[in-house]
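Down below is the structure, laid out as structure tokens.
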Amino acid sequence: MNDSRGDIVYRMARPETLKIVHLDSFTAVFHRASGITHLVTSPVPEILAALGEAGMTRADLMARLSVDYVLGDAEEGSLDARLEELVATGLVAVA
Amino acid sequence: MGRALDGWLLAQALRDPGGTVALGADEWTALLAIGRAEQMIGTLAWRLNGIDVPPSVARILADARASAEQGRVAALWEAEVARRVLAPLGVRMVLLKGTAFVAAGLQAGRGRSIGDLDILVPRAALDAVEAALLEAGWEWVKPDPYDDAYYRQWMHELPPLIHRDRDRMIDVHHTILPLTARITPDAGALLADAVELKPGLWALSPNDMLVHAAAHLFADGDLAGGMRNLWDVHCLVAEFGADGLAGRAAQHGLSHEVARALRLAAALYGEGARLTPVDRLYLYRLTARDGWGRAMRPITRMAFYIRSHWLRMPPAMLARHLWTKWRKGGAGPASG
Amino acid sequence: MRHVFQVRIGPIGFRIGSDWRAPIAQLETLYAAYPKPEDGVPDFTVRLFAARPWRRVVRPAVMIGGDYILPEAAPLPLAQGLLAAEMGMNLQMALGQRHFLLLHAAVVERDGKALVLTGVSGAGKSTLAALLSLRGWRLMGDEFALLDPATGLLHAFPRLVSLKNASVATVAAEVPADRLGPMLEGTPKGTIRHLVPDAAALAAMDAPARPALILFPSFGYDSATRDVAQSEVFVRLTQASTNYVAMGERGFDALTALVQGVPARAIDYPDTDSAIALVEAAWAAR
Amino acid sequence: MNDDTPELPNTTRRRALMLGAVGAAAVVSIRPALASTAASISTCEIPVPDSGRAGSYIAADGTVVPAGTRGAFAPPGRPFKGEEVKTALAGGQLPGTNYEQSRAYTNYIRRLQSGTSGFTCFASLQMPRG
């Protein structure tokens, strides 16, 4: 949680490494690089779509999500928690 | 082909895949059982890829190849996760054994079964590495204080850690032989001469890979898994040759072990070698597996088991170790 | 090993070796109508052996070994040698199967379409499968569903049906005695008696079927049926599979296709008659 | 992901999105039902009895019996860790139990069948190291 965090660019794992199947309120994601299956729910698919391959900083992502959606709980730290989860699984890469 | 239903059946199939056309159903059955018992079914499956085999065997081998491929993906991912965790420390993380072979795309990695992630780091960085791994979700496997103290005082690695989400183990080494062994390899040279496979992922130099395989086989283990280990040696020599190997082995104090590993690998998988009587005893132990995949020759196995501990520890310490382990009911060679 | 028996169950060949004659003799009788492994090369090896040489004769206890093992599994008394063989075969499948996605489930077939019964043990999968096979369904298996990732079809694995405790009497009342194995009392799973699948099941052993309905039965509740969401079916089936993760992307493709293409319901039942009625109703309404 | 939302922000058509609580998880990773290493025992847990029969007592022979059955034991307050069970199976005792209780719970665990909650942990206790 230091200041340099603002410079980190988050990007979705390369699309060819993911296999995505929408079930109901959940989405099954097979991550080819790890061979691990993840079951994700909102807001993860929305975050992945927003980040895309180009990637963006946390602040840009928050701004983008605020434009596309009515954020019900823009609590500071919530987005960090989601990004941390996604980075840990490899679904999102940092640079 | 020879018809002995022991480890030689596997060795001959790996040496001469075309020769398997002569195998009957019972020999195929024995070969598959031995391959599985030696954890070499994936290696065998790749080696026999494209060879004309009975349809039932073809199915089994195709499944083994797919299974090994999945194991390769999981092993490389585990290495990648460890790389990400250790990157901020700025230390060189050197992959060892199976993970290194598949990361480097070596023949030895083809179909190889890979269990734990083995890495080598500088001894001075051990505490920082341990802290970073614990922070990132790895946990101690054994809460046993004797084992823990033993590892920390005498072994060449941290006590094993397992990741709480991925169920995968990591062995963090700072050298390739226990500190109790009478031989002290040059750990600094291992690290200094490592090669970078891709940013942040390193492997030992080819000669050091061979030295490590030999050290692992003779000084660190009781020859369990020896057939696989010698296949690694065979493939590494075939791919890289042995230029400068003798000098490197001498630098690490492992000349005898490396020379023996080369002879045994050549005897099992290559063009053969001039064997000493002791070499023959090693081969007798290494190939002690019957057509049902069972361990054979228990007396020879026990002798090598005791010898492996003898090489690792001074006598008084060995006695204390075996006594403590025995009282806990954990001693004795694997029956598998 | 001293005594050997080979058999093919559906697409899977087994070799069972034993230090004793008795379990092999029982296998020979109960599996008499089954074929032998393709090309004479079985997929898996099972070993029934004495922990120490003298335990062949003194208080003989059967250890289970094979290509894939549980090293600390407790031995069984020789009188339960047949159960040891069955456990050994199941173990090879659970730990070693890499061709089919394996689901812990009973499967029956009608009109070329398969009904999958899965869920926690004690829900009566084996009993229901046995009873349905006596009511016009073809038994495909009472323990494992074999889903072929290449085709999406289920393959039959009609091993001996393992009847436990109360269901032994329930089913025995409806079948001739020559289709039942010895009564095995006091096993780790209680009283067990094996049932030989009927001739129709064995004759059609090599015919796969397309899955048409997945049911999650629960015993001990009032009759009820409810839909199960796809994501819940997906997670429950990954946990009902012993090799989902090891199958990698093939497993993901096979399972997501199954979950998306096949309806799933949970059924609660207070007794077996109600269960049969609920199954038939769910099948008709699918 | 959502093609019917045009690029122009249209507040009336914007969907609501919850980012979720800090401590919550939006990702569930599927783990092996039969873990491939014996060492996974350190992380897996065995509930006694399984949640479907929570509250039931455990008889000396390990069978699940109605709560309050004479001679049977109340369920333990927490699931056991794989490592604890391994020790108990090797002749030790489960933590927080007396000898008879430990025996009963261990018998229950031995009887676990595939499909029952905890079976996969129990099975992984007994798996060879890959």
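Going in written order, the chains are labelled A, B, C and D, and every chain counts its residues from 1.
Note that contacts are C-beta pairs under 8 Å (C-beta built on N, C-alpha and C of every residue); 3 or more make two chains touch, one makes a residue touch a chain.
Note that this is a predicted model, so its numbers are computed, not measured.
When the C-beta contacts at A-B and at B-D are tallied, the pair with the greater total is B-D. Distance from subunit D peaks, on a Cα-centroid basis, for B. A straight line joining the Cα centres of subunit A and subunit C is 41 Å long.
Put simply, the C-alpha centre of subunit B and that of subunit D have 33 angstrom between them. Averaging Cα coordinates per chain places subunit A and subunit D 29 Å apart. Within subunit C, contacts with two or more other chains are made by residues 68-69, 71, 235, 238, 244-246, 248.
Residue positions 28-32, 36, 128 of subunit D are each in touch with at least two other chains.
Shown for subunit A are the residues in touch with two or more other chains, namely 32, 35-37, 39.
If each chain is drawn as a node and touching chains are joined, the picture has every node linked to every other. Subunit A contributes residues 32-36, 88, 90 to its touches with subunit B in the complex. Looking at the complex, you find that subunit A touches subunit C at residues 19, 21, 23-26, 28, 30, 32, 35-37, 39.
Within the complex formed with subunit D, the subunit C residues making contact are 68-74, 94-95, 104, 119-123, 188-189, 218, 235, 238-246.
Residues 229-231, 234-235, 238, 244-245, 248-249, 252-253, 256, 259-260 of subunit C are the ones that touch subunit A when the two sit in their complex. Listed in rising order, the residues of subunit A touching subunit D in the complex are 36-46, 48-49, 65, 67-75, 77-82, 85-86, 89, 91.
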